[in-house]
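Several structures are given next for inspection.
Below are two complexes that have subunit A in common, paired first with subunit B and then with subunit C.
On to the complex of A and B.
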């Protein structure tokens, strides 16, 4: 169980990091931004409040993954800090699992701070408004929103661990992570447009297969659809929640295990 | 002592530079305002909007609604009502990113219909709202009223208002008004009553078009 100690150390390391503290501060200040922006609107004030929290959750997650996780793992491997950890009895597997668990804990802490601050903001601001301005807001919706965002980025985290296991430098890891994020965002609407009947009749069959294959290979960051439903007070049924969580956990696990297999054999 | 003098000199220098920076910004701001290119557009691509909005379409649609307010005030302040035509585009863009956004449909039934004078486009947007929010009675009612009041198309008004009674939580007064419109027995007072109700749903700053229509009805203009 050496990985648990490294998980603690990772959480402590990130806690000491100034960027992480900045992200925590941004998470604390998010309700002020949400109140400021939503007060400019007519009726869907609750909806705009949730939109701002959702956008900030995405922003915090992306900054956390690119500037903290990629930097931390790159420093370990490319600046050879990993030598400090990889001395008997700690194995490469312990290191990999420990780092992953610590990063997940720090990510949960960040989202928890966002959830608490935005819930407090909603309690102080939205609860005082009449129903027609709240857009069906309920206290548990922000919890659902943060929950869905968390699992969405577990996929990306698994992918980062996979990239780090074979990449040759910090810039390469960052490039692949950014490319995956951008691709996951822009590909689904482009694919939907390409699959419209008008376009499909002129598209060669192999292109259709290729597009479908790419779509299957990327993580489906469908959090935006869910966020819009939550922002309008539409409940997500339990079956969809379970499938959503399972999809991202399995996707993250596949890339995590592939990364671990490569990392065990790589020259350090 | 020498150290204190150096720190004061540094503070003074930074203060003076800050003032210089403010002056430069003022100058460049005026220059920018004079040479500002028109930023509103009528052409748009739903796909491009969705790709750009990525994982946060909700907040993108919020910003597009803020653009609608900017266009409205720009047109009022500069005295160029033709600028208002862009409102239709921005409402449609916001609707495509967040089809359940209530404010889009409220603005369609008020500003777009009465200030921009685009009742057909307003009804089209409200029709989309009827599909996306089947539980809301306001959309078919507003659309039917616009068809009756501005397009003078009672057949269309009948088609649109017929679904009002099927929707939950429809107030009795609305059903009464709707039935009068459907029977073509409505009076100008009914229309004024409805428009006064609509006024309460629109911010004070955006009520001009509806007030004008109430005035027209009071003075006997159809």
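On to the complex of A and C.
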């Protein structure tokens, strides 16, 4: 279980990082921003509060992945810091799993801070308001939000590990990560719209299959949308929620394992 | 440690060509050669960081590397890094090692990003000594060190070697190699072209070796 020691060191290393400390501070200050923005509205203050926290959760996750994870892994591989870690008995597998686990732990910590601070903010700010103003807020929405965000970005994290395992530099890793994030945000709604029965009836069959395949091949970053939909009164089946989480876990796992297989064979 | 007929090329460029090398436990060997002779690639292959295209390399578990530059996670301190390495190797030598490499005590708990190159090199040396490895591979171990530091490290490596550890040192400083090593291998064009036994560890031997190296370098250049 050598990887647990590296996971611990990774968490500690990220904790020492100024960018991570800044992200933690932003997570702590998020309720102030949410309170400030939601107080601009007359009604549905609770909904606006959830919306702001949802946006900040996405922003924190993206900054964490691009500026911390990609930088850390690129430095390890391309600046050869990995040589320090890959001294026997630490194997490449231990290194890969250890780094992943440490990063996941740091990400969980970041989201946990966001959850606690925004829940405290909601408790202090929304609890005193009447039901009409609170509308759209329930105590469990913020928990759901963090939960969905965690799993959806685990899939992107798995993808980053996959890219790092074969890419030849920091810029390449950054490019593919950004491309994946953009695809995952922009394409699913567009593809879903293209697959509507009205559009599909005049579309050649192979194009339908191609669109379906692309739709299935990229993870859909809709975790915040789900929570916001719930907050805005849309009922979402629990089965769909489980499938959504499972999709991201499986996606992340497949890319993580593919990356591990390549990393074990690459020259460093 | 046996290396048999090892070949490695990067795209079309042949870096190691049917290289053979053997060294026994407790010996100190040196690797000498012009830039691009294949020394660093050989070291990476020994550490399992690079895979050979062909040939056999003995898989050794009790081995440590001092890389050519101090590659370190700069947000951590030397103490934290050593503590981690000791945990992995299951030993508790943090302070002894930091004292052995003469890293000033007031810098132990400062982040590595604030270190000079020499201090980073000392940390790197301490890291390579964690767990008293049986085989120690040193790639340019004196880079960034001052004259006092060089003399001290040579003495330290010599003591470690006398205690039974095998050392493979790669350096451009011929005098350092002659002082420490029992045998020096000259590499050119990805092969060991000459192996020289060092008997006296003297300046005279170092000068003779410089001449041999210049000869092989010029042969290489002519080709």
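Operating definition for what follows: the second predicted complex is superposed on the first by the 250 of 268 C-alpha atoms of A that agree within 3 Å, B and C clash if a C-alpha of one lies under 4 Å from a C-alpha of the other, contacts with A are read in each partner's own complex, and residues count from 1 in each chain.
Definition applied: a residue touches a chain if its C-beta (ideal position, glycine included) is under 8 Å from a C-beta of that chain, and two chains touch if they have at least 3 such contacts.
Owing to the predicted nature of the structure, the values given are computational and were not obtained by experimental measurement.
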item	value
Partner chain(s) touched by A:220 [first = subunit B, second = subunit C, both, neither]	neither
Touched partner set for A:41, first subunit B, second subunit C, both or neither	first
Subunit B versus subunit C as contact partner of A:189, first or second or both or neither	first
Which of subunit B and subunit C A:138 touches, first, second, both or neither	neither
Subunit B versus subunit C as contact partner of A:50, first or second or both or neither	first
First (subunit B), second (subunit C), both or neither touched by A:58	first
Subunit C-contacting residues of subunit A that also contact subunit B	none
Subunit B partner contacts - residues on subunit A that touch it in the complex	37, 40-44, 47-48, 50-52, 54-55, 58, 135, 185-186, 189-190, 193, 221, 223-224, 227-228, 231-232, 234
Subunit A - residues contacting subunit C, complex	2, 5-6, 9, 12-13, 16-17, 75, 79-84, 86-90, 265, 267-268
Subunit B residues within the subunit A interface of the complex	47, 50-51, 53-59, 61-62, 65-66, 69, 98, 100-103, 106-107, 201-203
Residue ranges of subunit C touching subunit A (in the complex, touch as defined)	44, 47-51, 60-65, 67, 69, 71-73, 75-76, 80-81, 84-85, 87-89, 111, 124, 127-128
